[in-house]
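Quick one: the structure is below, questions incoming.
A, B, C, D, E and F label the chains in the order they appear, each numbered from 1.
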Amino acid sequence: MSRRLSTRLRRAAVRCLRAPGFLGHFSRLFLLANVTVAREIITPGSTLAPAIVELRLRSRTPLEIAILAHLITLTPGTLVLEVRTRTTPPALFVHGMHAADPDLFLTRLGDLENRLLAVMRPHGGYRP
Amino acid sequence: MTAQHLLGHALAALGTGLVALAALGLLRLPDAYNRINAVSKAAALGVSLVLLAVLFLMPTPTTATVLLLGTALQLLTSPFGAYAAGRAAYRSGSPLTAATHRDDLRDHE
Amino acid sequence: MTVIDILLGTLTAAMAVAVWQMATGPTDADRVVALDLGFVVFVAAIALLAVRLHTPAVLILVLVATLVGFLATVAVAHLLERRS
Amino acid sequence: MTGTVLALPVAVPLLAAGALLAVGGRRTVHRLTAMAVHAGVLLLGVALVNATTDGTVFVQNIGSWPPGIAIVLAADTLSALMLSVSALLALLATAFAAATADDGSPLFTPLALVLSAGVYGAFLTTDLFNLFVFVEVMLVPSYALLTQAGGTRRGSAARIYVTTSLLASTLLLAGVALVYGVTGTVSLAELAGAAQHSRAAALACSVVLLALATKAAVVPLHGWLPRTYPAAPPAVVVLFSGLLTKVAVYATMRVYALVFNGTGLRWVFMAAALLTMAAGVLGAVGEQAMKSILCFHMVSQIGYILLGIALFTPAGLAAAIFFQVQYVLVKAALLTCAGAVETTHRTDRLDRLGNLARQDPLLAAAFMAAALSLAGLPPLSGFVAKLGLIRAAASTTDYLALATAIAVSFFTLVSMIKIWEGAFWGEPTARAASTARPVPPPPRERTSERMALALPAVVLAAPSLLLGIQAQPLLTASAAAADGLINTSAYVRAVGR
Amino acid sequence: MSAHGGVLVAALAAMGALAMLTPLLERFLGRNAGYALGAGFVAVAVLLGSVAPRALAGGDVSVSWPWMPSLGVSFTLRLDGLASLFCLLVLGVGALIMAYCPRYLPAHVRHRSFYAMLTLFGGTMLGLVLAGDLVLLFVFWEGTTVLSFFLISTTGTAAARPAVRALLVTGLGGLALLGAVVLLAVAAGTTDIAAVLAAREQVADSAVAPAAAALLILAAFTKSAQVPFHFWLPGAMVAVTPVSAYLHAATMVKAGIYLLLRFSALYAGQPGWSLTLTGVGLVTAVLGAAQALREHDLKALLAYSTVSQLGLLVAAIGVGTTVALAAAILHTFAHALFKATLFMLIGILDKEAGSRDIRELSGLMRVMPVTATLTGLAGLSLAGVPPLIGFVSKESLFQGFTSTHILPGANWVAGALAVTASALTFAYGMRIFYGAFAGPTLQRQLYEPAWAFLAPAAAAAAASLVLGPAVTVLNPLMRRAVLDTEPWAKPPYFSFWHGLSVELLMSAITIACGMALFVARNRVDSALQQLPHLGGTVLFDRGYRATLRFGAMLGRPDRSDSVAAFLARPVAGVVVLGLASGLLIGRTPSVAGPHPPLGDWGVLALLAATVGSLVAMRSTPAAVALLGTVGLVVTVWFVIAGGPDVALTLLLVEVLTAVVAAFVLRGLPTRFARSRRRSAAAAAALAVSAGLVATAGTLALTGRRDVSPVGEFFLRAAEPQTGGRNVVNTILVDFRGLDTLGEASVLAAAALGLLLLLPGTRRDSPPGGLPAAPYGQVLGPAYHMLVPVIVLLSLYLLLRGHNEPGGGFIGALVAGTTVALGHLAGGRRLLRPLGGALLAAGLLLASTVGLSPMALGKPFLTPVKVPLPGGARLSSSLLFDLGVYLLVLGLMTTAMDRLGAEEGERR
Amino acid sequence: MTAAIAVGVLTAGGVFLILRPGLIRITMGFVLLGHAANILLLASGGLNRRQAPLVGTGNPDRMADPLPQAFVLTALVITFGITVYLLGLARAQQRESDPEQGSCGAPTERGR
């Protein structure tokens, strides 16, 4: 067994192990967000604090960026309005319904990105 | 009515409720961005629930295949519409509600 | 009148809201959102109709709609964006 | 001969269109293929005419399904005649397109082939819905051919042509739906006499007839034709003139004969016929360009054919059928002349043309022969046709029709002479400098090119003389065709269950 | 065919052959070909002369072949006395004119077509008088009209207007003749002229007799230039002299006279006929003569003279008594002789003296004695001076006019008018004579023309002179001709001297008055110039232009650029049809069934709301969205109605339409144009009416029967017969494959149309790769996941279509979405360059599959099962469906290729 | 009843749109008219029997008449082809009427 092949196998295994965890995390996020937004719609009055924030990305490959943008958009309450890939670092512009504290909002998004990259980059290392 | 049917109906009602909620959101939320934010996602979940309900109500292998594939596709494709709509809204100058307290995108232009 | 009938009625109302939004806007972006919702309501309605009519064959529409439905939204959004 | 051959006029052009699309390029290959296809259909049509004059009806059940289930193609004398004359026209239009270079695009011939497949199919089908389909097969390529080249004027003509045709098609479809709703069938054989038994069926078929009337450019539904046809390239107008409205007229004859047994609606047909004849010719008289005049005339000539249908006597129908067959050739000859002029001189406006009789005597002779035939002057075919119609009108004491037909002939002469005087005889009255285009390119001087342009006109005009002097064979065939419309039992028996 | 009849055919054929030979003759003889042609005319005359005695003896000289038996028309020629007389004129005068031409026509110019047409005219005229069939008569009649047009036109551009006037006026008459011919044929039940005339009672009793008479009269009046149709004849004088002499003096204008004489037997003595002919004829005679007297151009003078003389003839025929008819026949002959002479001589003068002004014609005797003598003689004959034949015929005319008894005193009025016209005629005849013989010689440098130039005129003049005293020679011919017009008559003998009679007195008065007019010519001239011109041309031209303007006005609505103007009419037609039939249809009870489920109403409410929003929408993106939503609602309707295939197809079509529309709309304004409120209101009114009619029609005509037999058949037999469980699909690919082939061809044509409409280049993309895709960053990675899914689904739908919803169309539409997706996501533009190839392959496959059973002797599109290795069988309907699949895919790729690209991209 | 009203609504909407200026609206009108014709076709088979005509999925006596459905499918696809062609025509004429945009070839920079 060559070293190269063993590396790939190992990474695949890591991915497989981490993916369910990520999916679980995202599902919880997804459902909670749904509840939040549902409450926002049903209850009288408004708790809205919308903002459009720039999320600077660790992600680099088109696939990483696309999946992240996809997940953010899929989640109620957050919406990607623009994707910048030619800038360094790449950035997403995200519209949040409840982003009264933009920094907290950005932190949560960053957390999601980290978790995603952990699945997609089994070596765990940062790429420049 | 079996438990399976009961569950099916409950899921269907929940899913439909979410879709209806999305429609309500359409009316209640103040600007296009918030509407997009609410509508597509709530609806995605709602539809997924309805499809699951159908699986309970008409359980056959074909139905299962179709519905599971359909659910997956729904979750896969609904963000595309939302992203395109949001981007178009911003680029076409759809106004943000006054409550929007930060707009990095404008600062960036 | 069954539960499904009531749910279908609810979906009709939801679709009416979507049409209302498409008609009134106020901006074209709001209309695109409404179209997106319209498709969602449609998919849900077809799924419930399949149950209501005892016709599993109809479910193929669900599959096709979820697969290609977003194209309409994207295309109209694109149109909006190009003409701003 | 068996009915099996009846599918060939539909399938072979489509096959040829596909093959030509596949091989691409080579214009000569395209031209020869199309000509071979049309010549084959022509031969088949003539053979069918010969074989059906004794009352035989050839049928083919498509797909071997039983009658009533299958779409049945059938050829009686009327169908065979229409098939023959359309094929002849398509053949000559192909040659003319080669001469005018209108077939420049590699898509021209495939489109024209699909169009002709639709025309041939429409003449052969015995099924109302299938008729709708074939009409579309014919029309959609015609949209493409009409709109192929740009120009603002052409643009609005294209819009009008496509939308009007589309509206008529939608109406036709609605009519077919209503017929099925009332009777539960779309087979013409099963619909035979339906309108006499049931008012509802009559009404449903009236919708079909209304749609066909729009397609046939019957006054007051005619405006689109004179407005749009002149915008088409010369060879395309020739192709259209002989095929498109004729399909509608043929279908009108067939439906009215089978479903209504030729009774009821007589005064509607008569009024439409007279109005169409009169309004068409007067409109033609008022136009200022060759193609415009000729296209307005198509409306008028449709009126003559309608007159025969309105009379619905053996003599009247035979005359109408004779009229239709010869008219296709005459009108094509005239349009070919106009097209040749337009190709050579880059305009067909009378005030910018002149003295063509000297420059192009052959073309002038062909034009004059066809023009006089159109006006109904002997010994040309148009004369025989009008004589037959007028005589049929006199036999049924429809004197108003007789008078109108004669008066319209006179104005036809007026309009033809207007062209002669404007383009072939006198001098241009408008100076080239005042034209929209900066400097018109020099006319084509090469004799061989001129011959190639004039030849189709001559070939199309010659039968007019022949059919005038030796009219009887076609008169016999027309009579047989008319008999098939009046005594529909043979057709119904052959097609039906 | 009798031997006698054969001669007639031979004569006509000889004329035709002569016309054919003309180019050859002209090639070898140049303008002298006229002599050969003249000889030919004489030969034909001799040929006819061989059977003339039999005809003059009352024998039957005729030939008849069936020509158009369906229409009861035969090619019948018949020579009788009347025909003989006219044959003599046609061939005799024709020969003289032909002999006149060589010296008249310019040398060194080709005269091929002129000679050919003139000969052909002779033949046509001969056919006209020999025609024994009504239709044949009409054929030759129109032939003379057309040839006259071309012969006038040979003069050149200046002749265009007069030629057109002549053609239209005589053409109008020709069409009237057609009407008369048809009415007579229907009334008599035959087209044989002799039989029609024999069925006098039957025809006279028929309701159409008066109309037929009126049409015959109209035909004759136009051809024979009676007021108010006279004006074309003076105009036709722009033609060269031989044409004027032959057509417009001697023969063609006599065709009207011939026609009246021929049908006189049917109508003679009837008040309407008599009054019209006599009245118009005499008015024409007087007015024409007066106009002739004031003309200075000799040719115009002769033209009006001809008009006037023709008027006398018409009037005499109208009188209808035996003497009057006899007089008309004799005068026809006499007039042809002297008028042809005069024309020929004036042609000579014109050529030699360069002038046709009568005032310059004076003292000619001294320089051109022969010409002058001949002119004088012809002038005297015209004036009716003894001993010329003109005198004899004029006497007979007077006799004829005084024999009328239509109304009390009519003989006096007619006689007086005839005398007036004759006096005027005498006056201008004398002016011609005077110009020839008397007065000062104004042009001294003139010389006698060559004898050959003069000879034809001389012959005619001599005949005028000789046949006066020797008029009895003509009696056999004339008497027979009279008998042919009035079979029961006892024809008179013509003689030079009648003794002292009323006619002689009238002649004396004529000469006296005429002399007075001549002597006082200067004063008469100036008085006449005050009178209004005997116009008609102006009126005609005004009418002509008014007709053109009316036509242009009529066509104006059809020159509109607005599509609505054209679409409104069929819609209005529907509304009218709906209103008209609303009363006719009784309500038949609908088939018992459950009330429409509540769901129907829900869908309907949504539909109404969506459609209502759509029509009011001015934003284009919103309109696209609403249109798509309408499609969704209708799709739901189809699902409810039990049509999953239909619903699936519609869903796909709606999505693809929305995508294509969005692509197209990118280049257009975001708002639809606002239009005027009134037009919107009109459109709304029409739309609502159409909607109501559509609803009423649907209610009235659907849902009133049980399932159709054919529908029942499909439900029961589809699976056993085809093996397919999806009945709709089996109909599409098995039972009604022809429809499907047609619809596939439509798609192919639409795709080809797009390629033609929006020509692109092979290499559309900029060099740096594919253009930036709008949603590449998000959609791009997904695209690669989605495409295989879509393609798989598409193939699945294609293959399973026979049993469950799906099939070629649906499968291909699904596949087509990948192309759209490609444009949005910026992946490979799948299949794009393949558009044309897909279309070709689809057409080839579908039509080949359809045709292949024919090789086995089975009908088109018969399903065939092809065994595959491994025991499986491939149904040809699947291959057919595959062809359809390729065509739909071809359309989608083409549409996306041509419509999906940015404007700037495609060059 | 409901089908008739649906046909009427679609016809009225379609007619109104085809009588408006602009090829796009006319095209939309024709799409509506096409829907009307298709609903009419289905109605012509009768709307009392509403089971999908799929053999083996139910009682043939309750199944809808399949022939009109086949007609609708044919008509639908034809209408689609023509609609796409009409849109192409609109595109071609738009290019014609706007030479700046149609022929100079510079990609539009709007929206950047």
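For this structure, a couple of remarks:
Just so it is clear, a contact is a pair of C-beta atoms (placed from the backbone, for glycine too) under 8 Å apart; a residue touches a chain by one contact, two chains touch by 3 or more.
Computed from a prediction, not measured in an experiment: that's the story for all the values here.
Among the remaining chains, those touching chain B as well as chain E are A, C.
Comparing the centres of all chains, each the average of its CA atoms, the largest separation from chain D belongs to A. Set against the Cα centre of chain E, the chain with the most distant centre is A. Ranking C-E and E-F by contacting C-beta pairs places E-F first. Chain nearest the geometric middle of the protein is D, using mean C-alpha positions. The geometric centre of chain B is 28 Å away from that of chain F, both derived from CA atoms.
One inter-chain figure worth recording: chain A and chain E are separated by 81 Å, centre to centre, where each centre is the mean of the chain's CA atoms. One finds 10 Å separating the Cα centroids of chain B and chain C. Of all residues in chain A, those that touch two or more other chains are 69-70, 73, 80.
Taken residue by residue, chain B touches two or more other chains at 22, 24, 36, 40, 44, 73, 77-80, 82-84, 87, 89, 91, whereas all remaining positions touch fewer. For chain F, the set of residues touching two or more other chains reads 18, 23, 26, 36, 40, 43-45, 50-52, 54, 67-68, 74, 78, 81-82, 85, 89, 92, 108, 111.
Inter-chain contacts occur between A-B, A-E, B-C, B-E, C-E, C-F, D-E, D-F, E-F. On the chain E side of its complex with chain F, the touching residues are 562-564, 567-568, 571, 591, 593-594, 596, 600-601, 603-604, 607-608, 611-612, 614-615, 620, 623, 627, 630-631, 634, 637-638, 640-646, 649-650, 653, 656-657, 660-661, 664-665, 667-668, 672-673, 675, 679-680, 682-684, 686-688, 690-696, 698-699, 701-703, 705-708, 710-711, 714-716, 718-719, 725-728, 731-732, 736, 739-740, 742-743, 746-747, 749-751, 753-754, 757-758, 771, 803-805, 809, 888, 891, 895, 898-899, 902-905, 907. Chain contact summary for the complex, chain C toward chain B: residues 3-4, 7, 10-11, 13-14, 17-18, 20-21, 27-30, 32-34, 36-37, 39-41, 43-44, 47-48, 50-51, 54, 56, 59-60, 62-63, 66-67, 69-70, 73-74, 77-78, 80-81, 83-84.
For chain C in complex with chain F, the residues that touch the partner chain are 53-55, 57-58, 81-84. By the touch criterion stated above, chain D contacts chain E in their complex at residues 3-4, 7, 10-12, 14-15, 17-19, 21-22, 24, 60-65, 68-71, 73, 105, 107, 110-111, 114-115, 117-118, 121, 125, 129-130, 133-134, 136-137, 140-141, 143-144, 147-148, 156, 159-160, 163-164, 167-168, 171, 174, 177-178, 180-182, 184-185, 199-200, 203-204, 206-207, 210-211, 213-214, 220-224, 226-227, 279, 282-288, 296, 318, 355, 372, 375-379, 383-384, 386-388, 390-391, 394-395, 397, 399, 402-403, 406-407, 409-411, 413-414, 417-418, 421, 425-427, 471-472, 475-476, 478-479.
Listing the residues of chain E that touch chain D in their complex gives 66-71, 73, 135, 138-139, 142-143, 145-146, 153, 157, 160-161, 164, 167-168, 171-172, 174-176, 178-179, 182-183, 185-186, 207-208, 211, 544, 547-555, 557-561, 563, 565-567, 569-571, 573-574, 577, 581, 584-586, 588, 694, 697-698, 700-705, 707-711, 713-714, 734-739, 741-743, 745-746, 748-750, 752-753, 755-757, 836-837, 839-848, 850-851, 853-854, 857-863.
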